[in-house]
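Note that the chains take the letters A, B, C and D in the order they are written out, and that residue 1 is the start of every chain.
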Amino acid sequence: MHSLIQLSIVVLLLPLLSFIILIFFNRRIARNGDFIGVGILGTAFGISAYIFWTVIVQTYDPAFRIAWDFTWIDLGNVPGVGPLQIKMGIVIDNLTSIMLAMVTLISLLVHLYSTGYMAGDKNYGRYFAFLGIFTFSMLGIVLSDNLFAIYIFWELVGLSSYLLIGFFFEKDSAADAQKKAFLANRVGDIGMWLGILILYSQFHTFSFEQIYANLAAGNFGLSNAWLTAAGILLFMGCVGKSAQFPLHVWLPDAMEGPTPVSALIHAATMVAAGVYFVARIFIILTPDALHVIAFIGACTAFMAATIAITQNDIKRVLAYSTVSQLGYMVLGLGVGAYSAALFHLVTHAFFKACLFLGSGAIIHAMHHEQDMRWMGGLRKHMPWTFATFTLATLALAGLPLTSGFLSKDAILAGAIGFAKVEGGGIFYLIPVLGFFSAMLTAFYMGRQIWLVFFGDSRTHLKPADKSHQVHHAHDTHDTHADDHHAAHSVHEVSWNMRAPLVILAALSVYAVYSPDPLDGAKGWFMKMIPTPATVVGEANPQKGALLTATAAPHLAGVVPTSEVPAPAHGATATSTESAAAVGGHGEAVASHGEAKGGHLYTDPRQAEIVHAGHAAHYTAIYISSIMVALGIIMAFVVYVFKIIDPEKTARLIRPLYLFSLNKWYWDEIYEATVIRGSMVLAKILSWFDTNIVDGMVNGVALLVKKFAFVNDGFDRHVVDGMVNFTAFTVNTSGAVLKKLQTGKVQTYVVMVLLAVFGYFVFYFTRLIY
Amino acid sequence: MLSLIVFLPIIAGLVILAVPSSQKQIIRIVSLLAALAQGVLAVLIWKGYDPSLPGITAGPGGSPLGSFQFVEKVPWISLHLGGFGSLNIEYFLGVDGISVTMVILTALVSAIGVLSSWTIQKQVKGYFILYNLLASAMMGCFVSLDFFLFYVFWEIMLLPMYFLIGIWGGPNREYAAIKFFLYTLFGSVFMLLVMIGLYLSVLDPVTGNHTFSLVAMATQSNFIKDAILGPDNVMWRYVAFIVLFIGFAIKVPMFPFHTWLPDAHVEAPTPISVILAGVLLKLGTYGMIRINFPLFPEVFQASMYVIGIFGAINIIYGALCALAQQDLKKMVAYSSISHMGYVLLGLSAGNSEGMVGALYQMFNHGTITAMLFLLVGVIYDRAHTRQIDKFGGLASYMPVYAAIVTVAWFASLGLPGLSGFISEALVFVGAFSSPTTRYIAMVSVLGIVFGAAYLLWSLQRMFLGKRKADAAYDLEIGADGHEHIHFHDWKGKIDLDGRELAMLVPLLLITIFLGIYPMPVLGMLTSSINKLVQVLSPVVMSQM
Amino acid sequence: MEQLTTIGLNHYLTISAFLLGFGLFAVMTRKNAIVVLMGVELILNAANINFLAFSKYNGGMEGVMFALFVIVIAAAEAAIALAIVINIFKIFKSVDVSSIDSMKE
Amino acid sequence: MSNPTYTVIFYLFAAITVCSAAFVVFTRNVIYSAFSLLFTFFGVAALYVFLSADFIAVTQVVVYVGGILVLLLFGVMFTNSIMQTGQKSEVTHIIPGTILLAGIIGALLYTFYTTHGWMPSETTLQGSIVERIGFETMSRYVLPFEMVSILLLAALIGAAFLARFDKSGK
């Protein structure tokens, strides 16, 4: 076993150890054992930093990969399949080591921060235990080398998120939020699970490598539609975890959890897991699946941005910006800008964690006031928080010289290139939405900065009864008295909450990632995380043909620069030929980091996109800078110079304003359709079960007819099943026959004689005929 | 060995018979000792079991030896009936991978059941005698390889169950008991007919005369070609399969025949619910695997699709019904209907993954649901109500209980790291891999979500939030200044006491351990299941 | 005409048939227990007529003896029956047979 | 024997019997039916004489008229006082009753007049049969005779027991 593997296993198990220690013994240890959590995470981070160093810095190789696995379940010699084992394993490549370092670092910082933020909570120790198990499962996702393991840790992440969101479980809102989060994730997970099943049913393995190999060899037995379905279904897991468009509703509510948790889980790591997973399965995604992913990402980015504009809760604004940024990443993956998306994942993790921790500091300082409308003027009181928060904001808005600028522009460039390659039209919607969201991001972040830090304190403006104003529950020990003298008692937070802010802010500077403040592609990250070659292009001949259909016309335009005739891009193109085709694009590819990794895309479409994406780099920079500038200017116009009064505007476009304020009514829609629907269905079925299990056929009719009497029927525990039905029939027949038994002797006599007479008649008729 | 483990409880019952009924403690201890001894024997069997031997069908030379283990085979009843031929019934015990896991489960659950019967105060003597009889019968069903013997144990099982529900049950107990009894009897009557039919159509390859031996029946070549249930009588074979299947499906319980389960569970006392859900339901599916499928493989092949559909209905229907329940115990009952649906689905897949998953699910459902019912019993003892809405905020006041409930609930909704997940996952893997049941699997995946829904919802309503206005307990400020709760007329510990922990912790540990490393159980299953799949596969039938 | 003038077996049988029919009618239709008893007596008489008629035209004594016994038993039957009727009257305060239907379930 | 007077007398008694029987059945008044039953019994007794069973005829008169009819009248007296209208007794099942009355009588007559199986033997009973009855009773039918007497005794005692008014009031 490679030493790095051993180390990574240690890293994986350390947080679990911390969980086990703390969950059982936290009451018996001094300070409820928070130092144990911090210490263990420190160690874990140290080890993963060493791994990072060895993998990224020392062996500077894009293709670096070591793996190790063991047999977990041995199904013996299965008929029709042969020996069948389900293996668990660990893989370490550049992506893994980067994620490893990132997760442990942020987790460590959050642990540290929490020692200040959560001090004095009655479940202090349990909190750190939960952080431990979360880190454990997150590391599991990062390290595992097969779909099954990822699914396992995926669910475990869901569990720990459930536990942490509902940490203040006495609050009903928290309890609702945790349930909502878990269920929304479950919905995504079943999709993911089905995707896994589709792949397994063909290859009888869960391991990534073997699935890649089998697909590349074209062993996929089912039709191509199934493969696309598998891609989209797997992506559903990401939709759930990283709160993409239909299932994003749980993330904002998840802000009920403690703020450091929001920073760790709902900004930096867990939500990023979805993107990480899509990256892992990136090369098995068919173009159709990628289109779906791209569009969902774009929609998410745009929708969340529009919602974020009008939110008043400081954490909710950040939450929606998180959703929006995740949309960017997914969009990036969808358009094939693989490395850019992952780049954004890492940069976003840092500056968003910084933002959340900063907001946590603010909330802490403001005595658990979360409504931005009652803040303001904090600049003077908390300089550190202000500085770091602003830097992170700039990164989020994507201003030059920040890390966010590099990654976001790379994604947008990829989007433009993608739209070009796909032949424009509807596909241009994706970059357009991207740029528009960039502007909105700049706008609402500017708004937030201004409302929170500038102007002077508006605490006194806060109405005494805030239940009408604020739609979310506040922390339990939050009284009006606090709010009123809040402005005076506001003070900078202690060092253990300040240090993480500084570190994270420092990691939001461009220099960390790339020497060139304008081009992330020159940085080590995008060199180390090259876009892998897809395996589905050539895995399915018919798909290959389809590809040329889409790509050929565009290629025709490119051909003059390339010496290779267009047909070479056809399904019949051998890898060397199409490699030449890509090589035909000359220095573009050379300057493009992938060439160093000896990456030659055998799939013409992918080659096109990568190239076009690079070509569009500067266009993207220009446009996005303009949009961001626009956004910031708008924010200034509205909130600094007060040229436009937001209230007036809101009244002016009230429907739009409400639409955004109420988050596009997604919660209401789900409440009305899914939740209500399934509850009603459940009630109906249980009524159906209690009353008419027999006769499925007319059962349906009865369901519809008696729909109104469901609850009424509920109370009556009437006959169910055949047993009582038979009893019923016997009863009625008895009731009918009972009429004959009058108990009057004469009636019996009559009957007897009737019988006798009947016999007579019968007898004589026999005689006569 | 097997005889000992089967009849040990009955011996204990006889001992109890001698004890004066005033000595409640002695009676309890005697049956506890018997249960523990059974457990020890089960562990010995587990140790001594060689997982490489497949079982299912006879070994080389048509004799069960070399395929089954711990075989005990002596002629029991052998009559010469003149023209009818001769009636040979054997006392024939033996285990293979399928039964040995169930034997372990039975021993475990009955031991737990005895512990949880400690609170029974009414007619302790009679209760424990019946209980031990029940334990013996269940164990006998799992180890007997002679159809007649199996049938005898199967019927013996009904009687104590009827009384245990009907005497020690809740307010509506007679109704529930009668319903249970009628349903199961209805099934077993048909079983009797099929059994006779099989007897007349199967020849023992060794002795050459008719036999009830399931081992001989499992080999299609032992059937007389033109006998009533011989290979030629396709129609009768279908009829026999369906009738037998219904007989077992009632025990499972499968969808249209499941209505006895909620009533029985709601009325039955906690230990009996534990036994019922933990072991009895498994007998249905065990019967299918041991008798129904291998004896009529071609019919099974033809009806996979139907079984799968019923499995899916069980999963989703049960989950939805559970979602609508107000009574916690009824919810758990419906959840076990839903979970048995997974077993059916896995069986209908007809491939190794699915069947291993189904068997493993049987085992896990045994432990997990036993845990759920015990937990329901705990709160019912304290609050004398099971209405979910009568609680709230319990997590603050009963932390240990809340923690264990959380683990159990998550185990039941199939959280990875707990045993339930692996079995469900394997079931789905299998069901999806077989083209027959692929779409069914795609539908029944919904069950995962609904399962999570009702469990989390009940968890929230009972444990999270604050005490409800009409809760079944009061709040009071304790000596240490913290809030405590106290239930009316409950003298004992508010949180779990030693006995309850002794029942719950072992199950908890088993659930977690098997969730992390399933091989100790799966390892015993695989070879038998692979053999079974071979027996059921169309290839084998084509040369039959 | 000769059929009518010479009295034969059938004449007696006819009478007995009528008596039987009337008796049955009484038993069937009359509500008063006493009248029902009278109907029974009519039936018995019809039977007796048959006995004697047959025994005469057969020249045997069996019919006669049987008629004798029948009469005796009829006497016993009447006694018992009336006693029962009186008891019924005591209990139900009526001899309306149709009102006595405690045999119904 | 074709003796006109004989025939006429026979028809007379037959008419008495049948009509009085019909009156017994069809009248609504219990007392009337009781008395017309008296005529029926007489008529039947007369027919017995025609059947040359004089002893039976006497027995009939003694037992029925002297015993049973008195009993019946007692019953009537006990159960309802003559004065009130309770003597009227309603009818039930009138339709099936009439149908059966007609049907059964018709059926019987049809049988009698279509059956020629029984042809009267030459040796019909002639003269008085009293002593033959005595012989038969003491020789061949002695056992039935004794049994019947015991039965009668038991019946009478039982009847007395049943019919007695006891103060306990059952």
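Throughout what follows, a residue touches a chain if its C-beta (ideal position, glycine included) is under 8 Å from a C-beta of that chain, and two chains touch if they have at least 3 such contacts.
The structure displayed is predicted, hence computed values, not measured ones.
*Asks:* Looking only at C-beta pairs that count as contacts, which pair of chains has more of them, C-D or A-D?
*Replies:* C-D
*Asks:* Please identify the chain lying most centrally, where each chain is represented by the average of its Cα atoms.
*Replies:* B
*Asks:* Using CA atom averages as chain centres, what separation in Å is found between chain C and chain D?
*Replies:* That gives a centre separation of 6 Å.
*Asks:* Just the number, please: Cα centre separation of chain B and chain C in whole Å.
*Replies:* 72
*Asks:* Could you tell me the distance, in whole angstrom, between the mean C-alpha positions of chain A and chain D?
*Replies:* Computed value for the inter-centroid distance: 106 Å.
*Asks:* Return the distance between the CA-based centres of chain A and chain B, expressed in whole Å.
*Replies:* Here chain A and chain B have centroids separated by 38 Å.
*Asks:* Find every residue in chain A that makes contact with two or more other chains and list them.
*Replies:* 744, 746, 750, 753
*Asks:* For chain C, what residues touch not just one other chain but two or more?
*Replies:* Correct list: 24, 28-29, 98.
*Asks:* Mind giving me all the chain pairs that touch?
*Replies:* According to the stated criterion, the contacting chain pairs are A-B, A-C, A-D, C-D.
*Asks:* For a test of understanding, state which residues of chain C touch chain D in their complex under the given definition.
*Replies:* By the definition above, chain C touches chain D via 2, 5-15, 17-26, 28-35, 37-39, 41-42, 45, 48-49, 52-59, 61, 64-65, 67-69, 71-80, 82-87, 89-91, 95-96, 98.
*Asks:* Can you name the residues of chain C that touch chain A in the complex?
*Replies:* Spelled out, the residues of chain C in touch with chain A are 24, 27-29, 36, 97-98, 100-105.
*Asks:* Would you pull the chain A residues touching chain D in the complex into a rising list?
*Replies:* So the residues of chain A touching chain D come out as 744, 746-747, 750, 753-754, 756-757, 760-761, 764.
*Asks:* With touch defined as at the start, can you tell me which chain A residues reach chain C in the complex?
*Replies:* 738, 741-746, 749-750, 753
*Asks:* So in the complex, which bits of chain D are touching chain A?
*Replies:* Touching chain A from chain D are residues 92-93, 96-97, 100, 103-104, 107, 110.
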